[in-house]
Amino acid sequence: MELIARLLALGVPHPFLMTTPGSTSVRLAVEKLVRERGWSEALSPADADMLVLCGQGGPEFNKAAGRVWEQLPAPRARIVISAAQAASDCLDAAAAALRDLEGFRRLEADRPDVAPMAAEPMNKDDGGGPAMSGHADSETATSDTGSDSDMSGMDIAGSESNMSGMDMDMELPGGRPMADRGADRDGLKLDQLHLVLGPALPDWPAGLVVRLVLQGDVAQCAEISVLAGGTDGRAISSFWADLLGGAAQSEQTGHLELVSAAAATDSLQRFLSVAGWQSAARTGRRLRDGLLEAAVTDSSSTDTASTGTAVTDAARADSAARRHTLYPQCRRWLRTVRRSRLLRWSIAGLGHLDNGVSSCLCGDVTARVLRWMDDISIVLDPASGAAGDEVLALGRAPDPGQSTSVPDPGSLLASRAATARVALTALPQLLAGQELAAVRLIVASLDPDIEALQAQAAGLEQSPPLSPEVPSGQTPVHSHGQSND
Amino acid sequence: MEFGLALMALAIAVAVILAVCAISASVRVVSKPLVREPFLSGMTPSEHAVSRYHVRWYTVAVLFLAFDMEMVFMYPWVLVVGRMGAGAVVEMFTFLAVLFAAVVYAWREGAFRWS
Amino acid sequence: MGSRMISALLWNIILGFVFLGVLAYAAAAWSAFLSARESGTSPVAALAGPGRETARLLIRQRSIAPGADALLARIGTWLLPLAALLAVLVIPLGQHAISDLSVGVVWFNAMEVLAWAAVWMVGWGSNSIWGLVGANRFLAQGLAYELPHMFALITAAVGAGSLRVSDIAAVQEQPGHLWFVVYMPAAFLVFLLSLLGFAFFGPFNQPVGREIAGGAAAGISGIDRLLLLAGRYLLLTAGAAMAVPLFLGGGAGPLLPAWPWVLFKTVAVLAVLVWIGRRVPAVRMERFTEISWLVLLPLTILQALAVSIFVLVGWI
């Protein structure tokens, strides 16, 4: 016992993060804390001992979280963090729970076996496939399979073929059928697997769900949907759009660029992570935290400008000092990434979008990644981005001609939302026929801001989020994409 | 008994791994393995993952087999090349050149690109 | 064979395994050190990281999916460290290897190819799509790196006219002979590259890639995961140790006896491998295979030809 407790205390937690749309601030806070504490993020529930839910999500999200929770081996702990300020205390509590041997042993004692059918195939006549998620349902309290939009067809198809599978062969473990065949692009009949990307996946845009039909590791077709964010009634706010809006209002020069650089760094570090360049991604994450902190300090210093100049001066000196250390690091990082021929070679020619779509999405994966780098460079070397590159800093603005005037928060949100919508509309065509690795790269290069999409939709409707439009559950995006363009 | 020591090493290596497993079994917090559905980004899998996986690099695999068989000749060749002199070198590398011509042909047919 | 001799051999084997384990830990710690520096946390504290991770994995519950081939996956996780442990058998630490087989080079090759089977078994046996994709990625990767790797091995053997690893090292230690890395730089570089390949490390880590949720390792936890991760570092270390007798003169060096030189050179190769491996983004096989077959393969064949000519002329 003594030994086990000691070994337990030695272990460094591996949190598995799930983020709801609307909780980017929480995710950023948690990622920063995880990094500073030297914890390492788990890639799958099997490796995780801590399930960290950033924000409270809708029923669909909770169901997914419940399933992931069932897949965590012991020792395990689970926390919901709804506000960025609470993140530190919540993580402390979870880490403490992980070391409480007696505590979680008690919990594990009456842990239900998630898949009793594996041992006893006869027991499951009542449930079939859906019973697998049954435990998750009871756990997360507020999930109602009938009313929400879990009509994606997959579950239904799954349970139907389940029944037929069981008629033929009672031996199939887990109550699931074997893979079925389908025609591929060359006219062969091949086994198909159904892979779902998101909502619970590292380095994945919050709230995005992509259902792929795979043959080998090639996606035959892709279906895009979006998870509802936020708990009932509470409107979603878009973290980056709000921050950009605030910066646009502030009188400080270069503040807007700073925020947009922080946003670009966030997207870029995620992309690098997906591209399998962990060390650059890790550096990027640290620099993103630095840029974000600088941006937030700036905005608070402008807020306090009316109350007292002393405070402002101190804050300014502080941020200036930080920039002296931060900016050279950013420059070095950016140079390394920009000069990597291997990266260019391995992402070249993927996910090409036509010029017509949107000013900040056109081109291929490389073009979009370079655009993020330009967004960051402007802050580092203001001289280089004097006139022409200004457009890039405000790349999210729909019309480049207007970028010299001060954009109001509403239009910033609208342009981010529009970009996300264009990205989601384009995704099914872009992803079909791509390798799984390329699928991930393309999605990461588009990095759709689902949050902005839903925040804007909520703002437009001025009504609870159960509108027929964008934010509600599993609406396939391509159905409404055209109407909005 | 040239491989006697190798057998002994195998036994010790297995013993080491067994010992690690035994240690783990004795300190594991929950000894019963967790039976859970496979991870699918928080969704329910609709079928078993084990399936006939479409390997689109199968032409490379065939080509590899051809070349790999060649290695069977090459290992013994190493031992005699010093004694046999230039003849052995010429023969072996002519053979390799023929094989590589096949590789170039396969490349022109697009065997190495499958995306 | 007297019992004293047997116990001496036994100690030889155990000592070899201990050295391998310590070096593998050093490689993992070095990797953790670099990670911590990138994250801006204390790099020194990270040196204990692999040890703490071992403790964590030792006490964790195992996890399997219904319908998974758990036995197959289990064998796979065993096979990886086993292959690495057996591969060091032929690597001379100083003058003597644990078992100096007359076909040492082939033995090493055979052990390292076991990794193909191991990773595939783990991925397939976990009954998860991530595992399946990761497992098959590793096979594609094997097809890409294996042939250049074998030619690199052969080239060193041609240089010495022997498949016995200690013979290869001995040739380089003779006065008037240079290390093989001078005669066969291309083979050496390709060998290092393929080390990263079969240990699925650095740019070749796509089989356990982050973007497929850990790939072949996505479904395993606890002791299974520990064996897989440890096996991977052990393989990398065994490969780095093999580079020393093949290309870097074995125990040759001034002042010190042979065995510290072997250790020192192994550490140096390992440190460089880990450092380089982390400096570059992932390489995807659907792009790399072409390069490997059309650039690396002819390069290593030409290198083997050049070395054969050197041998005929009498330069080596």
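Chains: A, B and C, in written order; residue numbering restarts at 1 for each.
The criterion applied here is as follows: contacts are C-beta pairs under 8 Å (C-beta built on N, C-alpha and C of every residue); 3 or more make two chains touch, one makes a residue touch a chain.
These numbers were taken from a predicted model, which means no experiment stands behind them.
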{"item": "Steps needed, at fewest, to go from chain A to chain B via touching chains", "value": "1"}
{"item": "Interface ranked first by C-beta contact pairs", "value": "B-C"}
{"item": "Averaged-CA centre spacing for the pair chain C and chain A, given as whole angstrom", "value": "35"}
{"item": "Computed distance of Cα centres, chain C from chain B, in Å", "value": "13"}
{"item": "Touching two or more other chains - residues of chain C", "value": "58-63, 65-67, 129-130, 132, 136, 213, 218-219, 221-222, 286-287"}
{"item": "Multi-chain contact sites of chain B, meaning residues that touch two or more partners", "value": "27, 29-30, 34-37, 39-41, 45, 48-51, 53, 55, 115"}
{"item": "Where chain A touches two or more other chains, by residue", "value": "4, 7-8, 44, 46, 71, 73-75, 115, 118, 172, 174, 176, 193, 195, 201, 216, 435"}
{"item": "For the chain B and chain A complex, residues of the former touching the latter", "value": "27, 29-30, 34-37, 39-56, 115"}
{"item": "Of all residues in chain A, those that touch chain B in their complex", "value": "3-4, 7-8, 18, 44-46, 63-65, 67-68, 70-71, 73-75, 101, 104-105, 108, 113-115, 118-119, 129-130, 132-133, 154-155, 157-158, 161, 172, 174, 176-180, 184, 188, 190-191, 193-201, 204, 209, 215-216, 218, 434-435, 438"}
{"item": "Chain C residues within the chain A interface of the complex", "value": "34-36, 38-42, 45-46, 49, 51-53, 55-56, 58-63, 65-67, 129-130, 132-133, 136-137, 203, 205-206, 209-214, 217-222, 225, 278-284, 286-287"}
{"item": "Residue ranges of chain B touching chain C (in the complex, touch as defined)", "value": "2-3, 5-6, 8-10, 12-14, 16-17, 20-21, 23-25, 27-41, 45, 48-51, 53, 55, 57, 60-61, 63-64, 67-68, 71, 74-75, 78-79, 81-82, 85-86, 89, 92-93, 96, 100, 103-104, 107, 112-115"}
{"item": "Residue ranges of chain C in contact with chain B within the complex", "value": "9-10, 13-14, 17, 57-69, 78, 81-82, 85-86, 89, 98-99, 101-103, 105-107, 124, 126-132, 136, 139-140, 143-144, 146-147, 150, 154, 157-158, 161-163, 213, 218-219, 221-223, 226-227, 285-287, 289-290, 293-294, 297-298, 301, 305, 308-309, 311-312"}
